[in-house]
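Take a look at the following structure, please.
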Amino acid sequence: MANATLSDLAESASISSPPSTMEIAKDRVFRGLTRGFAWLTVLVVFLVVYEVATKAMPAISEHGFRFVTSSTWDVQNEEFGVLPEIWGTLYSSLLALLIGGFFGVSIAIFLTQDFLPHRVEWAFKNIVELLAAIPSVVYGLWGIFVVIPMLRPVAGWLHENLGWIPFFKTSLSGPGMLPAALVLSIMILPTVSAISRDALSNVPRKLKEAAFGLGATRWEAIIGVIVPTASTGIFGALVLGFGRALGETMALAMLVGNSNQMSLSLFSPGNTLASLLANHFPEAGEREEPVLMYAALILLAITLLVNICGAFVLKHASARMRGATK
Amino acid sequence: SSTSSSSPGGDSGSAAQNIKLQGSGASFPAPLYGRWFKEYSAATEGVKVDYQAKGSGGGIKDFIGHTVDFAASDAAMNDSEIAQVDDGVVLLPMTAGSVVLAYNLPKLKKPLVLSRDAYSKIFLGKIAKWNDEAITATNEGVDLPDLPVTVVRRADSSGTTFVFTNHLSAISKEFADGPGVGKSVSWPESDKFIAAPKNDGVTATIMQTPGAIGYVEFGFADQAKLPMATLQNAAGKFIEPTLENATAALAGVEMPEDLRAWLPDPTGDNAYPIVSYTWLLCYEKYEDSSKAAALKSLVKWCLHQGQESSAEMGYIPLPENVVATVTEKLESIQ
Amino acid sequence: MIASAKVENDVLANGNGSLLLDCNIENLYYGNFRAVRDSRIPIHRGSITAFIGPSGCGKSSALRCLNRMNDLVRGFRFEGHVHFRGKDIYHAKVDPVAVRRYIGMVFQQPNPFAMSIYNNVAFGLRLNRYRGDIAEKVEKALRGAALWDEVKDKLKNSGLSLSGGQQQRLCIARAIATEPEVLLMDEPCSALDPIATRRIEDLMQELKENYTIAIVTHNLQQAKRVADQTAFMYVDTSGGGRTGYLVEFGETNELFDSPREDATKQYISGEFS
Amino acid sequence: MNTAEIATEFSDVDFPRLERSLRHPRTLFSIVLSIGTGVATIIACVPLFSVLIMLIYRGGKKLSLALFTELPPTAFEEGGGFGNAIVGTIVIVSIAAAIAIPVGILTAVFLAEFGPQSKTASIARFCAKTLTGLPSILAGVFAYAAIVLATGGYSAPAGGVALALLMLPTVILTAEESMRMVPVKMKEAAIGMGCTPTQVAWKIVLPTALPGILTGVMLAVARAAGETAPLLFTALFSNYWIFEDGSSQVMEPTASLAVFIYNFSGMPFENQIEMAWAASLILVLMVLTINIIGQIISSRAKVS
Amino acid sequence: MIASAKVENDVLANGNGSLLLDCNIENLYYGNFRAVRDSRIPIHRGSITAFIGPSGCGKSSALRCLNRMNDLVRGFRFEGHVHFRGKDIYHAKVDPVAVRRYIGMVFQQPNPFAMSIYNNVAFGLRLNRYRGDIAEKVEKALRGAALWDEVKDKLKNSGLSLSGGQQQRLCIARAIATEPEVLLMDEPCSALDPIATRRIEDLMQELKENYTIAIVTHNLQQAKRVADQTAFMYVDTSGGGRTGYLVEFGETNELFDSPREDATKQYISGEFS
């Protein structure tokens, strides 16, 4: 074996012994195994994409790019377009990101910068993270029975008095963009806050001390030093939260109204790619299935694009932070 | 591809034991089926029947994909769908029911009365407010609110939609030329059209949304205690959606050979205008003969003992002659 | 209090070389743990005071009391007083942020911010809404920290791109940019190699002209080389605790050449480093 | 020194102003922001309590033993339960965990230990990150095509595969993260003693990272237990027990709490709706329990 | 190769005090960066060899070549040879894992495993499938590291619960439990206070009887105190690079008292620490 050249070096009295053949074999096998599993993960993703892409192929060749720009969904006449769904997906996710991101980051700051005693901090952190443990159907129910009735008077007032603003152009009948986005933002809040919290608490203490040592107030230190230092992590949290929002299905299917609408109005019903799939896939026939797969592919592409952009920005930002570039 | 959902332990040896029949499809008759199958399973040793309501379209898809033993649809199956099933298809009408327009106008004391013109306009998105002239004309003395009309439609592919659009297309040329007939059609684009899955979903959404109106199977609205509109029929009469009136509508149907009979616009003075049969979809040939036998005895049970509970749950029991035809047809299953 | 008021009068009379910071730590707790007791260390204007002693004797804790950096530590409790120019900085009405504006700090690990060299130095100026020419102040501070020549061509580069010794000088530049009166340094050279250490020591000698410096060091030679006064702290482990206290304070030469206490003698004759 | 004294002395022109003042814009700014984030935090806790209160209020009154022992009711039936859905959820999630946990942890070992910089690792890591963004519905679509159509029927394993797909990235990424947290110096010590890479992984890295790995696993399990969309077309639902009369019907459609809630919550029948609320309460309690166990494990490990 | 083979024979003949590790670094690269060049450092059995020099001159890099710890670094490339008892440990057929079982290492930061004190020390024994009485060996190693008395009552406690100095001694105990022939130490005292440092130095003197030790230190006094031979390395910045190289190697007294090279003279008269 490879170690033969050294084994004769060992003094007979020494306890040290070179690794046995068994140890070396185990090492090789185990390492091979983990590598195999790593490739398995790759394979799974590849399979998912392949599956969706091949199934979508007929629809892609038939409908082409028109699919992305057209807005009718007519099974009868086989006219398909997902522009309203793409709009709804992006609009609801962006709204959710705006709300969930703001609250998530605020919370992360509040819970890492010694505002509260440890125990209280711990309690709040857990409460916020427990939000992630609530299944999305339950959020859907909560949206229907709590959020919508609560929003109805507010929305009514806004529409009556500020109807000239495009966001309040229509009245809220029930399901709609705003309730969907609100629930969605609560669903991504724990992701955003947990990861931002990690990023913020990983900011070296020495930097914080440096800022305080220069006579910065707590918030000057937070805004001037701590948040910028953690910014890559916070950005990563937002990207992940956005990704979650794009793919969320059930709560949206229950709340968004599933209507092929494209409107800036917060109270108008809309549709998202994921809820389109949820509603149509179970009964999609031979003709409709490729089209749905095409829609799925677009959803996948959007998620992927967001992730890749995120990774790209992160890479550059963190390189700059490390001082690698000028 | 075969119906391999046979019970894992049971081979043909212990055939009498542990047969499971899996079905899926229409939500329209789901409450009735749920009750039938549960009662039948309880009464029959060694046979279990399970049914999942997911909409007629979903049932047909499962049926074509052989992921179930039988399916249910209130639009039966069209020819191209039938062509996709290698093992042959037997369509069996099991019961009938009416589609009603349920609405949420809490302040209304009397039931809403809608002319053909009014309700076809509503579903064409042509009526914005409840106090529109088209509605007030037939509802004298009723204080209709100045509330937007929110239409709740099906999000999934549905037999109920088929029945309803079939009817609307029959009475309104504009509808026939616009959305047309189908299990899912392209409804007018409006922010006042919202969609929900299954009959359950539409019912619940109507309940949650003031000013909403939608089409559901009678039993759902009835159970939910939602008010239902009185509709004008082909004869020009305004008819309440009662079991009696629905039965009257079915009276004039001729059963064709393949048992696919629709009545888009029943005639007759007392006929409630929107009614339909609902079908069980079975294969002609089953690999597992014990399964075929179990299915046959299930259907027989439903056609006889089962019909007794139909009326009780708001469905229309099949006329004698139809029961006879269906029983006969049943024999083609092997 | 009365005593300190008396001292203070002397201070004001004497001007340079007089008592600037009068630190009297009666007790210093972290939670229930008493880390330091009975240490009175007077720091004089324009001098360098070194804190020496074995690890854990509370040198850093004592130093960090002087600009209330310890306020950031949970469970920190302080009994005693620290008079800066006669004012108790632990008085309830005093804003610790203001204190730190006058008493700057340089830490053991160089800790530049993840921003450009220029912005690192300008950070404190901007905090204080400095209205004059920031660029000029930055240059002055960098020259003061003997770093200007090395970085003048790359002020836009990240502060993190500098070497350890340069980073530490950058931190010193950042600290002196706002012209504090006192500079506290907690083992500023321990992460540096001897050559970089020598540069920082030279720098301290220069800074002493304008600033008052207190430095914690493990390195007795360093204390000997740079400090005017030295405070020797030790750990009292009697009664199960580990409480640091001031053993001896005096002129550096005297303390090293003729220590009054046995503990001091032992410690400096253990003569490492 | 009293206040008056301070006041007079602070009037000294060249003397530092040390006193705190609310009029000072910097101080005010700080206070406003502190209050702002504090309020934001409290607001964010409202939904959780709102959901919990709603569940307890609407689902609590229905709670009874029958819920756990009986089968779902049909349309007009009173009573009934969702015992089969609880069992089904446990079975499906167990299948998912049995797939996702070993694959995830071993992949993570490779990513963190054996080839952190390798091409394989960067591709695998990218794929894992992509999976985190995988819409849950697509996991279902994939499992439908790969398992349901292939085996010819809806089944618990099909649901398990779909959920495993959703668990996998969480397990991989959290496990990798916590293995990276193992101090390099500890690993160096082991390597310096002549451990093979496998020995380093098994004897040092995995034991030290265990709490973090467990937290990740718990999070993944909790998420999987609440997923509905992928189950709708993989495990479907069933009105019967998955284990009965000594035989198991794993290859049959299988009930789950999430689908039960989805189905029943929309129904117009009073009994069914109440049942859906009760099921929501039970599901949330189950998930919270798993979550809390995870939290306790990780916080306990941090102390030692 | 031929030369070293000759040396090797001498080694085997001479027994104690003879050449045990013959390290000849021609070039050492990290990626494209040449970190060390032309350094030949012979290490003799039963002696202590110190590596000194300014930060970044490649002391650690050279030391870590001796048991192939550098193999873990990406982009690491080595030209030259390291002969251990005459065999080249960089030979293609040699398993680095085996090398490290014979040549142990103690690091700058104490790094006990997150397990009990006992298991920390027994770790290496189990790894080498030691069949004798493990408890006895553990005790011996702990005594050897002068830690036994302090921990004998709490062997079950976590290794992390000890103080810094104790942790470092625990790491030494762990390293010597398997009785390696060579012990490499990379600044083992830099994280410790003077008192703990003194204990480790005393310990090295004792260990020298049975082991061969190579130590990297920043502390010239420490090198003077403990080392038999000293290697002084310096940085060559000519041509834009920063390559370390061996300036001078010799008996410690000679090197400090009458350095041959100017660079050495300058560096040791810069006499810090």
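First chain written, first letter: the chains are A, B, C, D and E, and each begins at residue 1.
The rule is short, and it goes like this: a contact is a pair of C-beta atoms (placed from the backbone, for glycine too) under 8 Å apart; a residue touches a chain by one contact, two chains touch by 3 or more.
Listed by chain with UniProt protein names: A = Phosphate transport system permease protein; C, E = Phosphate import ATP-binding protein PstB 3; D = Phosphate transport system permease protein PstA.
Bear in mind that the values here come from a model prediction, so they are computed numbers and not experimental data.
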### Task
Could you tell me the least number of steps, going only between chains that touch, from subunit B to subunit C?
2
### Task
Identify the chains in contact with subunit B as well as subunit D, in label order.
A
#### Entry: Rotation angle (°) superposing Cα atoms of subunit C on subunit E, nearest 5
180
#### Entry: Maximum inter-chain contact count - chain pair
A-D
### Task
State, to the nearest whole Å, the distance from the C-alpha centre of subunit A to the C-alpha centre of subunit E.
49
### Message
Nearest whole angstrom, what separates the Cα centre of subunit C from the Cα centre of subunit E?
### Response
36
### Query
Per the centroid of Cα atoms for each chain, what is the distance between subunit B and subunit E, given in Å?
84
### Message
Two-or-more-chain contact residues of subunit D, please, as numbers and ranges.
### Response
26-27, 194, 196, 199, 232, 265
### Message
I need the residues of subunit C touching at least two other chains; which ones are they?
### Response
97-99, 101-102
### Query
Residues of subunit A touching 2+ other chains?
16, 19, 24, 145, 217, 220, 253, 282
### Task
Write out all the pairs of touching chains, ordered by chain label.
A-B, A-C, A-D, A-E, B-D, C-D, C-E, D-E
### Summary
In the complex, subunit D touches subunit A at residues 26-27, 29-30, 33-34, 36-38, 40-41, 43-45, 47-48, 50-51, 54-55, 58, 102-103, 106-107, 109-111, 113-115, 120-121, 123-124, 126-142, 144-146, 165, 168, 172, 194, 196-199, 201, 219, 222-223, 225-229, 232-233, 258, 261-262, 265, 276-277, 280, 283-284, 287-288, 290-291, 295, 299
### Summary
Per the touch rule above, subunit E residues touching subunit C in the complex are 54-56, 164, 192-198, 218-219, 221-222, 267, 270, 272-273
### Message
Under the definition above, what is the set of subunit A residues touching subunit D in their complex?
### Response
16, 19, 23-24, 26-27, 30-31, 33-35, 37-42, 44-48, 51-52, 55, 102-103, 106-107, 109-111, 115, 122, 124, 126-142, 145-146, 186, 189, 193, 217-220, 222, 240, 243-244, 246-250, 253, 273-274, 277-278, 281-282, 293, 296, 299-300, 303-304, 306-307, 311
### Message
Considering only the defined contacts, which subunit E positions touch subunit D in the complex?
### Response
67, 69, 72, 74, 97-102, 104-105, 107, 109, 111-115, 123-124, 127-128, 158, 171, 174-175, 178
### Task
Enumerate the contact residues on subunit A facing subunit E in the complex.
1-7, 9-11, 13-20, 24
